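What follows is a group of structures, each given as structure tokens.
Shared between the two complexes below is chain A, which pairs with chain B and chain C, respectively.
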Partner chain A sequence: MTFRRGVLLSAPAVLFLVAAFVYPFAYGIVLSFTPKSGGPLANFTVFLGDEFQRAAIGNTFALAVPAALICVGLAVPLAYRMRRGIRGERALTALLVVPVTLGPVFIADAMLFYFGPVGWFNRVVEALHLTSEPVRLIHTYSAVLLAIVLTAFPFAFLLLLGYISGIDPVLERAAHVLGAGPWVTFRRVLIPLMAPGIATSFALTFVLAFGVFPSAVLLGEPGGSTRVLAIAAYQAAYEKFDFSAGSAIALLMGVLQLGTIGLVFAVRARLYSGARGGKG
Partner chain B sequence: MTAASSAGARRPPAGSHEPAGGQRECLELRGVTKRFGGMIAVDRLDLSVEPGEFLTLLGPSGCGKSTALNCIAGLMRLSEGEIHFGGKRVDRMPPEKRGFGMVFQNYALFPHLTARENVAFGLEVRGLRREEVVRRTSEALAVVRLEAHGDKHPGQLSGGQQQRVAIARALVVEPRLLLMDEPLSNLDTKLRGELRTEIKRLHQRLGLTSVYVTHDQGEALSLSDRVVVLRDGRVQQIGAANEVYEMPATAFVADFMGYRNLLRAEVESVDGHSAVVDAGGLELRGTAMGDLAPRGRAIAAIRPHDVLCHFAAGDGLRGRVEVVEYEGNVFVADILLASGLRLYAESADPLAPGDEIGIHIDPRRLLVFPDQDAPQA
Partner chain C sequence: MTEQRGRRGAVEAIGRALFVAVLAAFFLNLFAAIATVIVNSFARTWFGGWFPDGLVTRWYGYADSEFGMVDVLRFTLVVTLAVAFLACLFGVPAAYVLARARFRGKRALVLLYLLPMLMPPFTYGIPLASLLYRAQLAGTLPGVILINLVPALPFVILVMTPFIEQLDPNLESAGRMLGASPWALFRRVLLPLLVPGVLTAALLVVVRTMGLFELTFLVSGADSQTLVVALYSAIFGAGIRPAQAVDAMAVVYMGTTLAILVVALRFVSPTQMVFRVRG
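So, the complex of A and B:
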């Protein structure tokens, strides 16, 4: 292919990216550094200086890190069990993908009714005389965490299942004959070989959870423990109509996510390097 | 059908000495059967392997040889039967408790570990002291002459080097039994020959009881004290390498042992060890192998180098050379006989396509087997 044809062929894609991504992205950055009042960094100093606002960073991490850990923590053993395929695998996979297709609002709505004061869950609990008062499950941190795990888990699981079923089964057999039982084989052979998949699925679920918005509003305490960065950005932009401050918070989110993902991959590279004998 | 057991004919492994630890443990398979669904992969296999012996399971793909090896290793559960080792029943024991070593066709090295770490794996999971792990790992790498490559990952090593790492990894734990599943099949011809010699050298030096699986008769013959030929999960013949080569028990074994000419025939007469058959209008005299009945279906087998070609005129078998392949020391010719039969012949003298030649077959070299696959008349 000639250079000219290459340029022509890639032009639509490049134009689209510039119009739909590069320009808005650059515009947002510029917007972040041109606050309504004060110097270029005023948005950031104001946000970080306010204790209530600053708490949103902690709130977001407090949801995203446990959510990603739970998803990966559940997905690894399940993928391990299913690495050679199981009966009804297709049905199970379909079942797991359903929450993804339903969307967070639908799930939040369903959870509101099911776990609500007069929902099935509380009615059963009361009928069994386990408690005298309805259990408060919605409008809590846990409800948001559960909703995130429900939507993010399928991604983590399917990604890890792909990784683990790509590992040559003969390696496990070799480890067994060499004296390693199932647990030692899992820890010393499968986990290191799955490490790239584990890091990727952690990063993926972390990013999904980090941007949580509908679940945090509908199921959580949007004024308290689940006031995440997305809510803070929304309030700045659409309640106070300060788009510059909203952009700054969104930019902060991006930087924090990139930093965390960078950390995850750095740890993985240190633990299981391919180059020189690093081993967990 | 089992034939030609070999109690007397087994040679002791030349130059071997007591294996490490002085253990003299015998491996015994009793009625080992493995089914996959309705398919029988291994059918009532009885086998005993003497201490220090090198035994090979030989057969085409799908004959059950690898399945049998996996059963011995503990990687597959038996459907029926028992496996005993050193006087103890082991078939219910998980593979990690058996203390065997195994080498796989595709090396099965752990890709995230260096060659040295791969070799050390078995020692580390046994919980040996750090210094001992290091010392024995270095020794094992030296045995397979890979000291210089210890810090490389499997991906940085050639196929032959990888398989030598795999052999070191299996040997370093001083296994009570060494199992090898087509270890040379992924290598090119030259490396295969080198590594074959290496395996033989290691066996002579260490005297490890070994069970080897291959579909290559050359490997089986050159490495083994005894060969077990399998077909469809059943034993066709067990015998010393030379026995199986010189006196194949069935037409199937003969096919595997280089009897490239296998002619469908009908038995005309049998007289003791001698039989006369009719192979598509051609009358041939040969040595009777097994029970032959007059008018029964038979297979006449002869090796290409036992089909002698000559240019002298006269009666007897005559044919025309159709294709000639030069193989360095011999010419291999595809010869069309007047009766329409084809024979492969080897000749030291040059042959050319179109040559009209005479053929002589020594009746002692022509083996006549009952045709197992044909309904007996």
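So, the complex of A and C:
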């Protein structure tokens, strides 16, 4: 391929992304540091100086970290069991794509009634005499966490399944021949080989959870424990009509997210380096 | 020896039971919650009790007259198809370059394509929306298409690059040796090979764009909502309108999305749905 043809073929995509992503992104940075009033850092000092606003950072991490840990924690053993395939695997994976496809808004709508005070969930709990009062689930932190897990778990699981089924089964047999039990094999052979997959799926579910907006508003306490950074950014830009402050909070969000992903991969590189077995 | 095997068998049985229990709990609650939405959309009223006191279909008509559901559905289809078309039109040539050419600065180019997927949508969405408002494109069809194209285009490039990599470059060389012009080469050799991958990528973009909430939400106005944004607004304003009408809209959203999902699953495996298309 000539250089000229390569440039021509890439030009539409590159020009579009420069105009609709790079430029707005740079504009957002400039906007963040040119607040409506005060010095260049005013947006950040005001946000970090206000306890209610600042809490959004902690609230976001308090949802995103447990959500990612739960998803990966459930996905690793499940993927391990399915490493050599099971009956109905395709049907199972197809069903798992359903909540991903429906998305957080629909899931929130469904959960609102189902887990609500007169929903089927509480009816069953009541019928079984598990509690004296209906379980208060919706409009809580737990409801948002659950909603995130419902939509993010399939990502973690399907990604890890790809990694683990790409590991050569001969390695497991070799470990067995050398006298390792199933636990030692899992701990010393499979986990290190899956480490890149575990780090990637943690990062992926973390990203999904970190940007949480619709479920935090609809299912949580948007003025309290689930007032996440996305809500803070949205309120600044669209309720106070201060796009400068909104961009600043959104920028903070991007920096914190990229920083956390960087940390995850740095830890991964320190703990396990060397041979990789997974595909992907 | 037998004791050890017995213990291992027990561990295996517990493991299998846990495996089944976790998945059963996940799906039982998920599908019961979805069923609630469907039943409620046909309920005359449903204040208490296991089931509603009578079934009606009028909430669908109500949702149309109150939320303009048919218009929203039409708008959604136009947006998703336009986004899929444009993302493929711009993305496939870019993916071809990534798959076939080696050049300095390739990593920087890949980074440009990857960044929109690594950023939280709000980080670039809020400044982009602010620019679109200034250009008076917010609340219009072009504005909604444009903002949705930002994540869709990198997705097509990432999906199509490995697909093109596995096409044999010798076919193109052979065509060139036999004297085909670049256009004839594209038209007669490359295009037929690309069609299955492009159709898959386009379908995946349609599914993703249908469900993509945040970016559309930032620029949509009263008459430029996609289904998912209209659904959010309806739930957010719950109490104003009957919950049954909101759920009727949720069912229409679900029906449309799952119909496209079923079509997509005929061409790709579920794992590919979530990640990438491999040859």
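One rule holds for everything that comes next: the second predicted complex is superposed on the first by the 274 of 280 C-alpha atoms of A that agree within 3 Å, B and C clash if a C-alpha of one lies under 4 Å from a C-alpha of the other, contacts with A are read in each partner's own complex, and residues count from 1 in each chain.
Criterion: contacts are C-beta pairs under 8 Å (C-beta built on N, C-alpha and C of every residue); 3 or more make two chains touch, one makes a residue touch a chain.
Please read all numbers here as calculations on a predicted model, not as lab measurements.
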| item | value |
| --- | --- |
| Chain C versus chain B on the shared chain A, clash or fit after superposition | fit |
| Greater residue coverage of chain A in the superposed arrangement, chain B or chain C | C |
| Contacts of A:Thr93 with chain B and chain C, given as first, second, both or neither | second |
| Which of chain B and chain C A:Phe243 touches, first, second, both or neither | second |
| Which superposed partner A:Ala175 touches (first chain B, second chain C, both, neither) | first |
| First (chain B), second (chain C), both or neither touched by A:Ala230 | second |
| Touched partner set for A:Val189, first chain B, second chain C, both or neither | first |
| Touched partner set for A:Leu41, first chain B, second chain C, both or neither | neither |
| Chain B versus chain C - smallest C-alpha distance in the overlay, whole Å | 6 |
| Chain A contact footprint on chain C (complex, rising order) | 8, 11, 15-16, 18-19, 22-23, 26-27, 29-30, 32-34, 36-37, 40, 47-48, 50, 89-91, 93-94, 96-97, 100-101, 103, 109, 112-113, 115-116, 118-131, 146-147, 149-150, 153-154, 157, 182, 207, 211-214, 218, 228, 231-232, 235-236, 238, 243, 246-247, 250, 253-254, 257-258, 261, 265, 269-271, 273-275 |
| Of all residues in chain B, those that touch chain A in their complex | 70, 73-75, 94-96, 98-102, 104, 106, 108-114, 116-117, 121-122, 125-126, 151, 153, 169-170, 173, 179 |
| Residues of chain A touching chain C in the complex | 1, 3, 5-6, 9-10, 12-14, 16-18, 20-25, 27-28, 31, 74, 77-78, 81, 90, 92-115, 118-121, 123, 150, 153-155, 158-159, 161-162, 182, 207, 210-211, 213-214, 217-218, 230, 233-234, 237-238, 243, 246-247, 250-251, 253-254, 257-258, 261 |
| Residues of chain A touching chain B in the complex | 168, 170-171, 173-181, 184, 188-189, 192-193, 272, 274, 276-277, 279 |
